[in-house]
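Same chain, two partners: subunit A is paired with subunit B first, then with subunit C.
== the complex of A and B ==
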């Protein structure tokens, strides 16, 4: 029964309404918040199963549930419609599944916080908006969901709204996301003007017959990319993501790691008929991706904030997904998206548990030796770390191998630039191993660097442990839906989506699985691990000495390449200065003088006219007489 | 115009003379009561010309106007006298040239 699609959306909506409007007590909220998402997950699983039973053809595996006709204007019409196909079904499973686990975790993590009900209401609203985003069958509703997740992200980053830094971070995220929304809106306007419709079917059918490598698909793809880059925190609109860590940790796990930030990857995969028409736009995606992988990873090397290291790691991993979709192997990007949702949510939960134990301490320089105090967190975090660096037989290995292998295959038949992309991805894998194990060793190994924090550390409760346990299992076995060179269930499942509008350009030669690429990745990962092991576990050479080897480089990384400062100077400072100058010269010198001028003229005219008001009654009488004489004279002499 | 037989001209000239007298009275006197009387004189001179035209044009319109003017004049006297009395009560003198609070 395809109506389960509506139920996927209905339950989070119900949860949001109940939590937002009714004065429920915290125990009921703890039930309604995760419960509604669990029901949505059940509906999503039911829809998935229904879809799976349908004929394995592009049209068979796609169901467009039209809820109602929404906007009618002449020949143009727009539906409130929800498209259930393998791509959206996969996304709903990720969102509701991981979302449910994180909400369960939140019931433990947020216990005793002010605004407990507000938190769950906003989380439910986020899940609703995210589901609208992925289920929409047209770009307008996609944009509504897109803006909705931006709004809830803003609200939840600013959850501790009494903290000025949280408010500033929320505002920054919102402004940067609106830049992306602007790009999407331009793209949608273009679709409306060029194709006369904004639903996927119309747009893709019409874009498919556009000339290959033509102007229209390229411009459309690039404007959509602006949205994708802003939402997915890629170069150059990424600086909001590290700051977004001001929100509660479950928010970071759900919104700023597992789901919302991956929406850009979903957008590109969903809009593949546009992107595959434009090899230029795909190259831009891949370059943004491969640059982001290394750029973000290097910033993660020198950061001392446990959540920000994970934020840079998120940016780096999403950059991998961008590379996957950037070489038109969309299922590889989606595969990494799926696995990343598991292990990154797990890592954030681990970071949250550490913070919880240490009284919200974020500085990894003050941690250390926590494996004795938090054995459960230690082991689950280790699973997450092993998964993210791509240790063989952990989930990250399969998905990252899928992406890097896809790029490698493309490089063999493509131009030389693809080799650069591949090389940066492999280097990124090595850097991932360094910064993740640096984080791991600094937090859990060695001697406690802050005795007081260490002594007061306490382990998480079961409501936090259980989701971490489930995610650890998924972070291990989640990758077995594909095995390099053998089988790829996800690719097979998603293939009907990407077969609907076949590639127009030069045929893509499928490259066989290459062991060389895999070995290179594993080798660099191993080297990365050994470097981190030597510096941060054996402390030989000592971490301080590594930093002082190249102080300029260390400072550059520590200050995140000064990008925030550059943006401040280039945009914030220039805007402020511009307005200060207009305030000084336009407002004060020009506008104020004009307004004052009206007053001066009025006063002068009044001073001149007041002489007529003599105060003598007989003067007025004389005036009346003259007036009467004039009127009468007019009629007597000249008038008709 | 035969000076011995009264015609429309005689009445209109008389009306004009009365009106002019009223105007002179308003403009030259400083006692508000006299000014008031002069205004009444002007109103009545107009009444006279209305009645004259009414008679010679064989139309009742002028007579209707006359009654309206008389009614308005009566009402105006009430208001005007009340003002004069209250001004006198508050200032103990009613020279209109001294009433110049509204001078600009």
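== the complex of A and C ==
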């Protein structure tokens, strides 16, 4: 029954309403929050299974559930409609599956926090918005979900709203995401004007008629990309993501690692008929991706905040996904998205467990030697690290290999630029190994650098351990849905989506396996591991000593390339100065008086007209007579 | 000249079926009058129950009629087309909401419940007949029926002089205006030789069935002008509006809630039948006057509302302003305009009665000062759910998106644009802009810190609470998913246009 797609949305909605409106106690909230998402997962799994049983054709594998016709304006109409196809089905499984595990984890992690119910209400709302985003069958509802996840992200980053840094971080994330929303809206306006509709089918059918590499598909794709870049924290709109770590750790795991930040990748994959019409836009996506891989990884090298290192790693991994979709091998990007959801959620859960053990300490320079105190966290974190750096036979290996192999394949037949992308991705793999093992060694190996913190460390409870265990298993075996050069189940599953609408771009096929590319990646990963091992294993070097190897570079990385400062000077300062000037010289003296003047005059008129309201029946009757005389007089005099 | 009108010789069962909703409500009215004498205990609850049951049965009858209506029945005097049935729905929903908000007020004011509901139902019968009438005579009789009940209801609170004053004022002025209406009808009859709306339309459109000079006769135009006065009075169009604030303020709040929506709905239904259908062929002759009335109404209603301190008077002026917006849709004289009027009243039923529910609750909790806007200060802290509901109604009345009020206003103004009356749409938007000030002032006052912090309001009575929640759900539901209800409105207009041979 295809209506299960409504249930996927209904359960988180119900969870949100119950948690938000009813004064439930914390035990009920712990049941309603994860329970509603579990039911959504069951519905998503059911829908997946139903879809899988349908004929393996582009139309057979897509079902458009129209809930109701919504907005009507002349010939234009818009449905509240949900598109169930392999792409959206995969996303719903990730969102509800990983979401459920993280909410279970949250019941342990958030225990005893103020606003426990608020937390779960907002998490349910987030999952609802995210599901709307991926299930929408038109760009307006996609944008509604898009803005919804932006809102809930804002609310949850600012969860500790008494902490000024959390409020500032929330605001920053919101402003940057609104820049992205603006880009999306411009793109949607263009679709409306050009194609007369904003539902996927109309847009994708009509965009094909636009000339290949023409201006219109390129502009459309680039405006959509503004949205994707802001939401997925890619260059240049990424500075909000490290700050977003001010939110509770489950929020970082769910929103700022596993689901919301990957929405940009989903958007590009979903809009493939537009991107396929514009090789230029695809190149931009790939370049943003490969630059981001290295850029974010280097910033991760010198950071001392356990969650921010993971945030930069998230940015770097999403950049890999961008490269996958940027070379028009969309299934590779989606594959890495899937695996990343497993191992990054796991890593964040590990980081959360460490923080939990150390009384919310974030500075890795104060940690060390925790493998004795937290053996469970140690082993699961190790699985996550091995997965993310692409150790063979761990999940990250398969998906990263899929992306890098796809770029390699395209480069062989491409215009030369793809080689640059490929090279940066391979270098990025090496850097990933360095910063992840640096983090791992500094936290779990060596001697404790803060004895007091170490002594008070305590392990997590079962509600936190169980989801971590499930995710570690998935972080190992999740990748076996594809094996380089042998089979790729995900590509086969997704292929009907990418065959549905016509396009003139490069053929959307998985690229042939290349041993050379794989060996190069593995070699650099090994080198990265050895560098980290040599510097950080057992030795506890002070950051100053590591920095002194290359002082200028270290300072640049430590200050994150001064990008925040540059943005402040270029945008925040100029805007602020501009509004101060206009406020002083234009607003106060001129506008205020004009606006107030209108108000005063209108109110005066109201007071004057009220004078006619004497309360005497004779006056009222006179008013009626006056009107009647005017009207009848008009007809008598011949106003017909 | 001999007029030959074919009349069926007897009334069939189908004729009675076509007025079944009206008959059910009449039955309820009689039962209440009788039962009132015999209810021993819990008089208010029992009377409310009988009223609600009657409304429910009438609603079911109306639903049945939706697909089995007759274009004309009972000697071509009433129609049970979908347009009439749609307004039946609006009137019945309003009556149900009124019945839910009344009990606490009835207890507070020591009303006789049976008599009160009987009069509400009697007035509803008049309204339903008015929406269904296709003869000028029936329009007039229905109007008198609904008005008589409302005169009594306005003065129902005998212990309060303001209420008596309201009842008497309404009676005097309304009779005065009715005289204009009936005189106008007589003149139109004189010019065209018929009181039947369909025949007036054929006469003026094709010159069929009447003298060719009819559409040139001065009698016709003076008649049109006088009818306009009569209709304009009933729906509070400026300058025939002056009774409105006094009567709305003086009448018991449930009565105000009821009449503010339903009278307007019923009269506008007849207004549309007469002006958009019977008189459609001479549209160019009435458009100018309606145009001027709409502008004056929107401007005066909104501007005077700015300086009100009483919530009920504020809502009275808001009602005048809304009558202006609806008149814009009527002036458009096209299918979209008629659809928007129908939809407007559905939206208006929820948001306006919702606002009066709040007033009734406030009055029953705080006494007569509950009507003062100043007494709403700090309501968000005293009673968050009631204040939240009030905010929804205010935003909707102001026409904010995602509320019913926005969709209704949007449709009305786009009908004007479609009819190339862009000037009316622009003035409508500008005057709504003014309205935002006084609607949001209520929200602002509610958000101000209370003078005495920490005091909680007594709980809202359950029935009134239910009415408020239904109204909130309707206001937001119609705002977010208007499509289904818009479809009903479109169908109802298509049905009536089909009868008159319009696309």
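Note that the second predicted complex is superposed on the first by the 565 of 640 C-alpha atoms of A that agree within 3 Å, B and C clash if a C-alpha of one lies under 4 Å from a C-alpha of the other, contacts with A are read in each partner's own complex, and residues count from 1 in each chain.
Note that in this section a residue touches a chain if its C-beta (ideal position, glycine included) is under 8 Å from a C-beta of that chain, and two chains touch if they have at least 3 such contacts.
Only a predicted model underlies this, so the values are computations on that prediction, with no experimental measurement involved.
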item	value
Which superposed partner A:635 touches (first subunit B, second subunit C, both, neither)	second
Touched partner set for A:70, first subunit B, second subunit C, both or neither	second
First, second, both or neither for A:612, with subunit B first and subunit C second	both
Partner chain(s) touched by A:603 [first = subunit B, second = subunit C, both, neither]	second
First, second, both or neither for A:621, with subunit B first and subunit C second	both
Dominant contact partner of subunit A by residue count, subunit C or subunit B	C
Contact residues of subunit A, present in both the subunit B and the subunit C interface	609-610, 612-613, 615, 617, 621
Interfacial residue positions of subunit A with respect to subunit B in the complex	609-618, 621-622, 625
Footprint of subunit A on subunit B - complex, ascending	23, 26-28, 30, 35, 96-97, 99-104
Touching residues (chain side subunit A, partner subunit C) in the complex	68-70, 72-73, 80, 599, 602-603, 605-607, 609-610, 612-613, 615, 617, 619-621, 623-624, 626-628, 631-632, 634-636, 639-640
Subunit A partner contacts - residues on subunit C that touch it in the complex	169, 172-173, 176-177, 180, 218, 221-222, 224-226, 228-229, 232-233, 239-240, 242-243, 245-246, 282, 285, 288-289, 300, 303-307, 414, 434, 437, 481, 483-484, 486
